């Protein structure tokens, strides 16, 4: 064989070697990049989910303000539950609508009525499945009836890409008339038979509001220690925990 | 041709084939990765924009609290408009400054004056163009004059990468003195000639506050159904919708 | 040499040339993609950090509400400081706990006590180092003692991936009893010797609350101009700035 032919025989081998190196290198990087992109996508999705869950809660507040009961009940999943104060549990979107229209009055604002439900301070959690979530939030209520302070511990579900209420649980921390001031004219809690409609299930917890007290259990762990919050323990005057 | 030469002839062909496969594979993946990266970048940008729009609104509240009228008017685009309560429309940044200094008093806090404008509950929307936005927010006002509850439906514009107010529209839901309580001593609304300065344009909407009512139209669709909110319909006592 | 052999000699060269082009092209794109991915990762991290810093602040509010002093002091870094109202500076997590338990009462809620500290309106900043942050926030206090309005300018530190308070600074804007109304029955400020425990360091600032005034300096620049907020200048009645 001539020298030239020998070189011919070597070149393709070198090429193949180079090619393999390149192909491998590119292959590995592409794989790693694709994984990184997926991770990044998941992190963005979680941030979007946090935003959207809060928006459902904020919209709820605006709809209460103006008695927009149809818009409000549309925020709930078909088989969602609602439990506000001590009235018991209402199951299903249709009963959420009934709770509002029968219990609180007809759709739409009216003269001499103010029912502002101001929403803020959420601690939202998107679960690992990406389609269920929880949030602890507050409503500061300023109404023609007086003052209110409500904790929410709500569950949300993502159906067809849309976050909805799965469970709204809004125990009162304080409710009071405004005339004598919110320390001297308190409502200790609602109860199932106080006004129609009647609930589907009894209250999940019996408690009194200020001047008694109740602590709605936190779904949210301590954000620094990561430890779950201590479970509530019953005590005279309400529910307490953390001792 | 010898067997060896024949192999020589085949190898480059194999190499080329392998190369093409690799190049194609890499090419397709890179293109897809680049597209994914762009999508990801756009999603992050939207989240950043949501954050920045809220910060403009939050900063506005802090500046009102302490009568920082220069800092406040700097939050507005050059040709922005401002319409608060029933005072009419002020056009341009300079008139925003005039509204504050002439209408509300000199720059800086003073004794016996409290004008806290607490901001929360935003429903922000970044439009597809990425440079215009809207938000519905609330101000809960606690002042030495009394109580207030204000809805905002504000427009924002991004100029040179910076979000600013394009339009601030803050109709009152309730305003009242604190002495007799916010149910018994209400201010039904401001009007253009109530105090100087005079507006550039008349109010865009005539309405009364609590004990009457008005619903500022929602730019934000129902977050679950995606349907636009029902348009307000005039009714005795104010504006109502949703029936 | 035969024509065939000549072609054999050329093919590998063509292959090599093609290969180099492909490898280069892929190499450049991969590098650029990797850089873009890192940028994107950093932007997401900042958004997550903003969320987490707010959650520490929100959790603080919930823990105050129910006198969860252990959970509350766990939100602080080991050598963090706390300065609330005019009581002076408490240094270290143990003294934060002491401030709460000795100064404000035992762990847990009790009858006739309401100490709601509602949190909102944050202006958070994550510093370039990614492990220190600041936020200006508000607490709107509604308690059995009366009303309060508190500005926070807090520092946070990220230790082992977890955001904590590094410094909590909460000067009062207004504090008042609710009986005569929050304009007529004000508390002008606390001071170190008012109630135990005694602070480690004197107050960093002497000021009076409403009907006097004080402006807590803004760490946050004007979000539109980017200019730092004007420094406070002392004036009769408190601190003022922006003139």
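Chains here go by letter, A, B and C, matching the order in which they are written, and residues are numbered from 1 within each.
FYI, a residue touches a chain if its C-beta (ideal position, glycine included) is under 8 Å from a C-beta of that chain, and two chains touch if they have at least 3 such contacts.
A quick note: this is a predicted structure, and the numbers were derived from the prediction, not measured.
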| query | Within the chain touch network, how many edges lie on the shortest path between chain A and chain C? | reply | 1
| Rotation, 0 to 180 degrees and nearest 5, that superposes chain A on copy chain B via CA atoms | 120
| field | Interface residue identity across copies chain B, chain C - same or different by half | value | different
| field | Centre distance in Å when chain B and chain C are each reduced to the mean of their C-alpha atoms | value | 23
| note | Where chain A touches two or more other chains at once, the residues are 5, 8, 12, 15, 19, 22, 26, 30, 33, 37, 40, 44, 47, 120, 140
| remark: As the complex stands, chain C meets chain B at residues 4-5, 7-8, 11-12, 15, 18-19, 22, 26, 29-30, 33, 36-37, 40, 43-44, 47, 50, 120-123, 136, 138, 140, 147, 149, 173-174, 181-183, 210-213, 215, 218, 220, 222-226, 229-230, 235, 237-238, 240-243
| task | Please name which positions on chain A make contact with chain B in the complex. | result | 1, 5, 8-9, 12-13, 15-16, 19, 22-23, 26, 30, 33-34, 37, 40-41, 44, 47-48, 51-52, 55-56, 58-59, 61-62, 65-71, 74-75, 107-114, 116, 118-120, 140, 142, 144, 162-164, 178-179
